[in-house]
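Note that subunit A is present in both complexes that follow, paired respectively with subunit B and with subunit C.
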Partner chain A sequence: MMTNPPARITQGQFSFLPELTDQEITAQIDYGLGKGYAWSVEYTDDPHPRNTYWEMFGMPMFDLHDAAGVLAELKGCRATFPQHYIRLMAFDNTRGVESIAMSFIVGRPRDEPGFRLVRQEIGGRSMRYTVQGYAADRPESQRY
Partner chain B sequence: MAASVADVLAASQVEAVLDELERELIGLAPVKQRIRDIAALLVIDKLRREFDLQAQMPSLHMSFTGNPGTGKTTVAMRMAQILHRLDYVRKGHLVAVTRDDLVGQYIGHTAPKTKEVLKKAMGGVLFIDEAYYLYRPENERDYGQEAIEILLQVMENQRDDLVVILAGYGDRMETFFRSNPGLSSRIAHHLAFPDYRPDELLSIGDRMLADMHYRFDAEARDAFADYLARRIAQPHFANARSVRNALDRMRLRQASRLFAQRGHTLTRDDLTTIVAADIRASRVFADAAA
Partner chain C sequence: MNRPVEPAVITDAKKRYSAGVLKYRQMGYWAPDYTPRDTDVLCLFRITPQDGVDEIEAAAAVAGESSTATWTVVWTDRLTASDSYRAKAYKVEAVPGNPGQWFAWIAYDIILFEEGSIANLTASVIGNVFGFKPLRALRLEDMRMPVAYVKTFKGPPTGLIVERERLDKFGRPLLGATTKPKLGLSGRNYGRVVYEGLKGGLDFMKDDENINSQPFMHWRDRFLYVMDAVNKASAATGEVKGSYLNVTAATMEDMYERAEFAKELGSVIIMIDLVIGYTAIQSISNWARKHDMILHLHRAGHGTYTRQKTHGVSFRAIAKWMRLAGVDHIHAGTIVGKLEGDPLTTQGYYSVCRDSFTRQDLPRGVYFDQDWADLRKVMPVASGGIHAGQMHQLLDYLGDDVVLQFGGGTIGHPAGIQAGAVANRVALECMVKARNEGRDIVSEGPAILQSAARFCTPLKQALDTWGEVSFNYASTDTSDYAVTATAA
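Let's turn to the complex of A and B:
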């Protein structure tokens, strides 16, 4: 069985669509800015579905009016980490909401080996299952 | 297909802004002329683009030089509006900063700080007031130079994303540009704001009063003209800003005058009129008498 059919990780919004172009990303950023969200860029080389906290690339960007600023930051991140996963996140600071409103992957490594299913036998015939990234075996910065 | 200048003007409503500029800003003839030229170029470029002619976005970074109170900030605010109507900038907001907002306090602090401000200004106009403070030749370890370099880079590479306006007093800006030739050559429009003539200052005063719902009576207007003539000759005269301050002080005197008339029933006229005595009580006249 293939656990990662198109050999690409699907997390967050738009992840079943073809890669967004910069123009499409700009449109999404503008939409978020119109709603008053603060954008931030994050990257990681451990895209395990339970890894919620990716590394921040610079500070979240509050008080922006135009997408060009966010896009410039994203391009900076792509140049620094060409073989990492990169995502854009929009933080909604409305009182009572105060959480991420949008999140989508905008950069990924060339080869994505995906995850394997790990089985562990416990207490007789019981099984415990988990997933583990193939690339995660290697040390940080050598994964992709 | 819009083929006439009038069509583009009608579509962009830029004429309304230009008229407003003409009506609401007194004097400043050379500045208004340059703004009209820029607007004309952008309109013609728009028409050229419809015929698939080459219409490269012109570089619109500007420097505003002039004495205090000559309307640099006010015009910058209008500039953002005009450029937005003409589709040169996408959002049309103005971000006004000074040295403190750009330059950091320790090594490694300046670049993120400057970049953050630039990101906020994208899609609009970045107005750097008293720009010459960015460069401090007397301290070679000053971080201002770093901010200037980042600024230059963005001004050159992201020309369609933001317009930078540097403002400051004439002589000091000149020294600043002379020591930063790269900056000077990247700024296409050097606008010099002239000082106001006394009659222009008087109409500015009239307008400010009208905005605050006050008015001069006939005698007071003469007294104010007299006041201006004396005040201009004194040091630290700051054009429209001095006019505003003088008017504020006159309002104070008018208020105390009315306050002293306990029993008097005050009419609308009483409350809105500034009389000659409110003006003649000024220190400017006292000095002349002594």
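Let's turn to the complex of A and C:
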């Protein structure tokens, strides 16, 4: 149980809002497709704030221009990984951007124990800080 | 002023360089037939000549005094390819609706400027000329930097795209707050404000411009407590968080020392004030590039020379210089907040920060096309008197690539700082979501916020407290080319 106000990991665009319905997710996918973005589904059981590379549930869907198709991929990922974090990411390949344009969480484990802060005291009052997931000590796939 | 000899340019070299005083236009600084080259630096000045000085001579004088001229003829010009070094006023037009004011376009050959040096560039174009007696007032409105010159600058050390990648935050404005009160908090109390704001949902907290190292809080204390707060909030939320540690100090040695300590403690971002000067900014930008640090610039002091329309330097010129000099964040106005900012003019500053190619846009005060030659983009920061109830206007005016900073609008929340942060984050996320769903957030904004407030008590409290607050004053720095709407 996390103690921050939403009581959960708040990465992504919409973590402070109630869980998005499939219909609401579809509207966001449509917005991205309208901008020419390519959608991708990613999942992980290690949502450390600096874990950049979540696993890809297939490649970014560069040639898929139908929101229903993207949603079907998401549903496939949810069925395979019901207790993982899942996010939708949109890639923008415009020159000068060439990065992620949207990213939001669309699947979470039932319980989110969150992270502890490890302080290593060094040289007087200085500290080295490490953020560790409470669930991350166990092997991959057994964390939630 | 000058004793007239002949009205036209003197081409006979013997006459041109005989000892005495000539009109600037006669010395070759007025060149109405000149076609600016792609490699020229172009400046647009707003000129208010003294009584009895005609606009052509005034424009030629500005060209002269910002390039090679001195008040009298010097024979040593003849040792040089002087025609290259003379800036050329090539167009003068009356400012619409402002009798006595003139726009003058002046071209400078690229040889005049040292590569990669804002100090050198500005020593020419805003050097002696701004005190020149025949002008009552002078304002640098805009500049066009040639691609060849842009490429001599390294630009932002991080840039807004890479900043988002490092922070893992996409598709929405970033949220920040300035720690308040500005002065008097001890390091320990200061860190409390930082922790509450970040844990509540903000991405950044910020030192204010005049927080350096005063008797009530020395800089090391501040850095230590703030970084504990940042890391604790990161663990509590699972997000990357930051707090702009202001390293502004008396000397570069002091600034480097503070920046090194910020890096050792793991900060993702440091901060400087504009008053440290252009050379210091370029130096700390080099340091930031070397150490993977985001560099935040607070434009402290700019209002002394950017605000009045007839004299000084437009902020769009400052913004261009700062993108070249290399900062990652720059305060660029809120439109709806407590500080100066006409909507269209402010949007012009945002274009200068974020575009790959800025198009001429007269209503927004952008006078030249500017190819940025793939120089990284600067994240504009909107800060000063804004609150959650304006979220629809902020998102509509400013777009996604901006840091929205709610200082009082977070810390002054009746239920506390965390509640203030929650209110702002919920307001932001619900507005981005609604916009993406295709809703008209300008007209539906208040209803969208009220609807989110039904599941979010802190947002309801914020709207009840500040919903009606606005700073509805006329702007002084507005475009001359369009009637502008007043922000509500």
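Criterion: the second predicted complex is superposed on the first by the 136 of 144 C-alpha atoms of A that agree within 3 Å, B and C clash if a C-alpha of one lies under 4 Å from a C-alpha of the other, contacts with A are read in each partner's own complex, and residues count from 1 in each chain.
In this text, a contact is a pair of C-beta atoms (placed from the backbone, for glycine too) under 8 Å apart; a residue touches a chain by one contact, two chains touch by 3 or more.
Note that the structure is predicted; figures quoted are calculated from it, not measured.
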Partners on subunit A (subunit B, subunit C) - clash or fit: fit
First (subunit B), second (subunit C), both or neither touched by A:40: neither
Touched partner set for A:73, first subunit B, second subunit C, both or neither: first
Which partner reaches more residues of subunit A (counting touched residues only), subunit B or subunit C: C
First (subunit B), second (subunit C), both or neither touched by A:104: second
Touching partner for A:63 - first (subunit B), second (subunit C), both, neither: first
Shortest span in Å between Cα atoms of subunit B and of subunit C, once chain A is used as the common reference: 16
Contacting residues of subunit B [partner subunit A, same complex]: 90-91, 93, 112, 116, 118-120, 122-124, 158, 161-162
Of subunit A, residues touching subunit B in the complex: 58-59, 61, 63-70, 72-73
Touching residues (chain side subunit A, partner subunit C) in the complex: 2-6, 9-11, 13-18, 20, 24, 27-28, 31, 47-50, 52, 89-90, 95-104, 114-117, 119, 125-129, 131
Subunit C - residues contacting subunit A, complex: 161, 164-165, 168, 170-172, 199-201, 224, 227-228, 231-232, 234-240, 264-266, 356, 374, 377, 418-419, 421-422, 425-426, 429-430, 432-433, 436-438, 452, 455-456, 458
